[in-house]
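All chains are identified by letter, namely A, B and C, in their written order; residue positions are counted from 1 within each chain.
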Amino acid sequence: MEAERRLEALGIVLPRVAAPIANYVQWVQAGQFLYLAGAVPRYNDEFKFLGKVDGELSLEEAYQAARYCTMNHLAMVKQALGDLDRVERVVQLIGYVSSSPGFRQQPKVVDGASDLWVEVYGERGRHVRAALGIAEIARNIPVETIVTLLIRP
Amino acid sequence: MEAERRLEALGIVLPRVAAPIANYVQWVQAGQFLYLAGAVPRYNDEFKFLGKVDGELSLEEAYQAARYCTMNHLAMVKQALGDLDRVERVVQLIGYVSSSPGFRQQPKVVDGASDLWVEVYGERGRHVRAALGIAEIARNIPVETIVTLLIRP
Amino acid sequence: MEAERRLEALGIVLPRVAAPIANYVQWVQAGQFLYLAGAVPRYNDEFKFLGKVDGELSLEEAYQAARYCTMNHLAMVKQALGDLDRVERVVQLIGYVSSSPGFRQQPKVVDGASDLWVEVYGERGRHVRAALGIAEIARNIPVETIVTLLIRP
């Protein structure tokens, strides 16, 4: 229950896992890997942050938005595996930031997602990463992360 | 021959697999996984849809374009494995939509790709997904999908 | 020492692996796979190319920039595995090109990264690929590649 204890110490209650609205699912276990659907900064039915970074949202707000992505991913992990401690390693995180023209601090936004993985899993939470600035995400969402995990049998 | 029968019922004849034009290939089998190259809405030598979504193409046209991506992916699977039924699970689909500024319905476009996977494979076709709006794809292509599959030994 | 010999024949001395500046790492080994962090065209502490392709950089410069991405990835492989010849297969390469509006030759840029993998590993270097044009990469970087490898036990 190590990961749960760390979440509690951070004062985080995980959101509900959103029901997929199309022909996709929130997680797929494939061999030793757990693939997670793209996560966005919502908490239950509420979008916590909307807008482009550096235009409509500050860098600090965007960082917080990225933390919500990881909260949603953690909720998917719990639903998939029953136990957050079955994560052996956070392998890869790709972060897409909806960016105003000229905004070039995407890594500082995606740090919000990366930092929470490491706060919860320590060294096992450290991952390879890319942080990219894209034109648009659905519904004016500012940041979306895609994560792949290695899991314990 | 279940997947083939479903394709036939849908009236779909798979396109030829395009020959790679550079130092890349259309599929790589790695352990239990089959990685597929990015697929675009072409049918044999013809691009079926070109242009940005919401500017040059309607949402319905873009949805159809995304279905062609999956047709090309299915053709790659058949070339790689000989038999479409060796797919154990469609694991991950990332859809990139070349988007006019302000267009934010990328998921409705990428549904075209997701839906066809599920029409062919049923529950095994459901996957984790992200749908992202990007600036440009080569040759003014409207949508490109990247897919990873789990395969049967 | 085959890969090392080929690098030497190409006159390439690998750069140092950059130290991660946040909660991420340059590589994660997960089962048979080696996941590499996004690589950019730097050589040690120097960014070799900056700017958008077709606006600030020529196509030829961008091609060279993409080669530097692979040089950095090769340096990560060496640090991770000790021996470049433990690469069984280059599996997947996703290339993101920071593109001026209307620039649609992303594949010709990413060829720079793909070509070097094949110059070093021959047939084992051929991979599935996607080449995408995005709005912005941090620090005005023109191209970033993400690579996954299959490794020998």
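Keep in mind that, in the parts below, a residue touches a chain if its C-beta (ideal position, glycine included) is under 8 Å from a C-beta of that chain, and two chains touch if they have at least 3 such contacts.
Model, not experiment: these values are computed from the prediction.
The best fit of Cα atoms from subunit B onto subunit C calls for a rotation angle of 120°, in steps of 5. In a homomeric contact, the two copies may use the same or different surfaces; for subunit A and subunit B, under half of the interface residue numbers are shared, pointing to different surfaces.
Centre-to-centre spacing of subunit A and subunit B amounts to 25 Å, using the average Cα coordinate of each chain. Looking at subunit A, residues 31, 134-135 sit in touch with two or more other chains. Only residues 31-33, 89, 91-94, 99, 101-107, 111, 114-115, 117-118, 125-135, 148, 150 of subunit A touch subunit C when the two sit together in their complex. Interface residues of subunit A facing subunit B in the complex, by the touch rule stated above, are 21-28, 30-31, 35-38, 96, 134-140, 144, 146.
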